[in-house]
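Per-chain residue numbering starts at 1, and chain names A, B, C and D are given in the order in which the chains are listed.
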Amino acid sequence: MKDIAGMDELYRDFILDHYRNPRNAGTLEHPDASFEDVNPLCGDKIRMDVSVRDGAVADVRFRGRGCAISQASASLLTEDIKGKSLAEVERLNADDVVANLGINISPARLKCALLGLKVLKHALALEYQPTEEEKAYPDGQPS
Amino acid sequence: MKAAERSLLESPVLAPAPTPFSDTEIARVRSEFPILKERPHGKPLVFLDSAASSQKPIQVIDAMDDYYRRYHANIHRGVYHISELASEAYEEARAKIGRFIGARDAHECIFVRNATEGLNLVAYSWGRHHIQRGDVIVLTEMEHHSNLVPWQILAQEREAELRFVPVTPDGLLDLGGLDDILDSAKLFAFTAVSNTLGTVNPVKHLSARAHAAGAIAVVDGCQAVPRMPVDVADWNCDFMAFSAHKMLGPTGVGMLWGRKELLDAMPPFLSGGGMIKVVNLTSSTYASVPARFEAGTPAIAEAVGFSAAVDYLAALGMERIHQSESRLATIALRRLAEQSNITVYGPPMEQRTGVISLTVGDIHAHDLASILDSEGVCVRAGHHCNQPLMEKLGVPATARASFYVYNTVEEIEVFIAALDKAKRIFKIA
Amino acid sequence: MKAAERSLLESPVLAPAPTPFSDTEIARVRSEFPILKERPHGKPLVFLDSAASSQKPIQVIDAMDDYYRRYHANIHRGVYHISELASEAYEEARAKIGRFIGARDAHECIFVRNATEGLNLVAYSWGRHHIQRGDVIVLTEMEHHSNLVPWQILAQEREAELRFVPVTPDGLLDLGGLDDILDSAKLFAFTAVSNTLGTVNPVKHLSARAHAAGAIAVVDGCQAVPRMPVDVADWNCDFMAFSAHKMLGPTGVGMLWGRKELLDAMPPFLSGGGMIKVVNLTSSTYASVPARFEAGTPAIAEAVGFSAAVDYLAALGMERIHQSESRLATIALRRLAEQSNITVYGPPMEQRTGVISLTVGDIHAHDLASILDSEGVCVRAGHHCNQPLMEKLGVPATARASFYVYNTVEEIEVFIAALDKAKRIFKIA
Amino acid sequence: MKDIAGMDELYRDFILDHYRNPRNAGTLEHPDASFEDVNPLCGDKIRMDVSVRDGAVADVRFRGRGCAISQASASLLTEDIKGKSLAEVERLNADDVVANLGINISPARLKCALLGLKVLKHALALEYQPTEEEKAYPDGQPS
């Protein structure tokens, strides 16, 4: 087991801020790419709209509902990728999401954290690299 | 029996009106559940998720251990001693668990993996046999996915019609239009107790209304059988499914009870070894019930553990279990009502049992459960396999606390304090 | 892991050619099976019925015990600590058991109650989806009822044609006309090892022939997986089902392995909690595999025990298990050949494994098994869920002795002496 | 557990004799009643042909295959019932079969012993009273 964060540490102010005031919230009118998915485990839902220019992310919006971890992760991700090339986005993985959160989380909550990245990659038809956990523990019983 | 000897609670309940367990009794019960000594994150384990799956007393663990150490063998096919012991234990378990729910005949009791399989068995074997195009299947809006999706698939396959008994905003079945809904229905499937709201449904009444309309009554007994006296003869229903793991028993086993006349007329569902009479290369005849519905090597050790669980529950007394749980739920609801920013779902105490769904401010249930976990408090978070009901209640997810034989009033206070911690972390007054 | 620590046999096998276990090794193994200390009718237990269900080492019993004592909770739905531990253990078991049979991807591994359920899953989900009127399903004459009756029912439902690969008088598949039999077939289901005769079938070859004919290959791995190295990738089959209880694991759990592309395209079989994605009142979408095929609360403790069983077998080494069993079978066949009035069925030693069916004079198998039991010797008597094969062999029943990791050469002598006793009682020279 | 007989005691000479030389073996040409059944547990099979005159068993024949216990029990039963009234036959139960064998047997073997009586009663459409064991342990897994 990885070290699981203390709760105060996990839900620091900036996480709660991203949860309650998500950045890049909403939708794009004419997205070049768009995808929505749910985490059947808990019903968390995220939709990502992306506009791409010259092989890079020109703009991004997301809309979702779910726990602070999934929503804040998605919000942080949208900040992260603006202006990044698709190649750079392709390279993003679980470690980057965890780095954004600034803290290790348990496998169950990692699923929450990764939903935004999964949806984003799916929207852009980029390959999503499952984490070791995801490889070892397939979808399992979502409800 | 070793399990029975170990039980310290065997003395008959003489009190005319059943009383909740005393602190001494609960302490005794707790001492028989090894897991309660665990300390997740260094905190005492406060297990409030028994509606998902209960913990197991040492008597149940030991009964299975003893089985594997002394008399495991495949059953019904061996003439040697340990195989006879195993067969006997398996069939004794069937008869005992049957008696526990009021079955008049052990032949009516089919071992399944879990309640979900039991309900699927009815949907496949009775359903495929009886439901035709245009037929009506009635469910309620509070059904667990396991008592919903099998009927959806059946209805799609047969182009049958699904109708739903609505749920009122406080989580009760709205029985106003029931007769219209049941009109010309062939099957009415409903839960005895809601796993999300704790609502206790009037099963006897619903079965009678189903029969009056010419429908059979299929009861999801998952949450009722563990926590209150259940008597299928009194309920006068036609099928009832329930799982061992929610009532102190092991994973991997459950039971489908069915009315003999119906079972006798049903075709096989799963087929293979153990359910046949005469097998030729291209056709076969089948054994009588219950064997006809138990294909392959059954969950023998699990049946033995299930039996020990029923012994344990019977020794405690189902009426007293019900009283004790109601007492805890009453206290918890009162304490929760005193807190700020907490929304509790479901009916008033008189119509519910010890299952409480709630939300706290704008904290998502998942975050709430994580924070409670950090205090050793285990609650479920999510849609509880009740997505349509959550939709109806207008919440994406709730946190659910459920009480069982080993829970105490002190644990309610730990729970309340943990909710406070969550509010503090999320900066909610 | 506690289970692994306890194993005294963990040292890697360095010998280039695998050797049978030494007496010391077998003694060590035996000391880990508590049941072997039992004395039915005052005699040492000589357990020769592992082909029906094997005994369990302490490591397997302890793994489940430990699960219930320390971290039981419903899986995948709880965010609290013990639920995470349980989920992790369950998914680790899936991945480990998958690796044990050569599965490339844990998603291809579905937990079922037993092999019978696994085969039914294929017959219902793949079968109902693909088999149409007039289609051809090919089986062999040596199939266990569990790999026969599900296909009979499917064929009856769909008016499909059943064809059978014949069995020769000495118990081998007669592959002469195979290509004709397979002509335009959609599915070929066959056992890797006969549970009555011990015949080892050429699975890789049969899969290739099935594919060449455009059929999928469904393998009944019940008797092969416990006793020899199995690699589904090398076999290149499409589905394989097997049960934990025959390979040192608990009752109540087994596995269906299937090729990912096939599973991905299959509709649900059992439905309910745990296999859905989004549920509305009248329709639902389903989770991806393997969850799509695991409805309801799974056999969690059993998966943990199954995993410990695979650890135990892997530590012993499947090649060595196979060698040891072959050695015992060779000795037993030689000793049996020296006796009068004993008929042994099945192929010569090179094409079989440690499962031996026999009859003694005019003694019915049941009487024989009863008499052997009085000497502590456990053998199976009957048709072994192989009625058509018995018909073909022209015997109503046989007695079957099967060997496994804990059996010794000395036990063969007790067996032979018990056969002598039977002959004496029945006054056969 | 009831006391299980020693094997020499169970397979006494007269049992082996009834097994190898069954009395009333064969079929009747014009039976008034006839029935055949198998014990799916082991494939034991018994057919009984009965002719009835004046409410009593005038003649009986049986044919079967199976273990010594099932065949000897059936053979003993046919000797027992000749000339008996149907009312008397109706009253026959497991105890009588066990008495005929002269020894207690284990539950699994009791099923073998009772097959003949079951088939006989079924042929005559008389009520068969299940034993306590049979009540407690329904058919179970026959194969």
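Note that in this section a contact is a pair of C-beta atoms (placed from the backbone, for glycine too) under 8 Å apart; a residue touches a chain by one contact, two chains touch by 3 or more.
Since the structure is predicted, the reported quantities are computational estimates derived from the model, not experimental observations.
Chains that touch both chain A and chain B: C.
Between the interfaces C-D and A-C, more contacting C-beta pairs are found at A-C. Spacing of chain C relative to chain D, judged by their CA centroids, is 36 angstrom. The geometric centre of chain B is 32 Å away from that of chain C, both derived from CA atoms.
Averaging Cα coordinates per chain places chain B and chain D 44 Å apart. Counting partners per residue, chain A has 41, 106, 109, 143 as the residues that reach two or more other chains.
The set of chain B residues touching two or more other chains comprises 41, 77-79, 83, 145, 273-276, 278-279, 298, 366, 370, 381-382, 385, 387. Contacts between chains form some other arrangement here, matching none of path, ring, star or all-to-all. Under the contact rule defined at the top, the touching pairs of chains are A-B, A-C, B-C, B-D, C-D. Chain C contributes residues 41, 145, 362-367, 370-371, 374, 381-383, 385, 387, 390, 396-397, 421, 425-427 to its touches with chain D in the complex.
On chain D, the positions that touch chain B within their shared complex are 38, 40-41, 106-109, 135-143. Interface of chain D with chain C (complex): residues 4, 6-8, 10-11, 16, 20, 41-45, 65-69, 106, 109, 112, 143.
Those residues of chain B that touch chain C in the shared complex are 34-35, 38, 40-41, 45, 49, 52-53, 55-56, 60-61, 64-65, 68-74, 77-83, 113-117, 119-120, 141, 144-150, 152-153, 155-156, 162, 164, 243, 245, 250-253, 268, 270-276, 278-284, 295-302, 366, 369-370, 372-373, 377-382, 385, 387-388, 391. Residues of chain C touching chain A in their complex: 75-79, 83-84, 87-88, 90-92, 94-95, 106-107, 273-279, 287-291, 294, 298.
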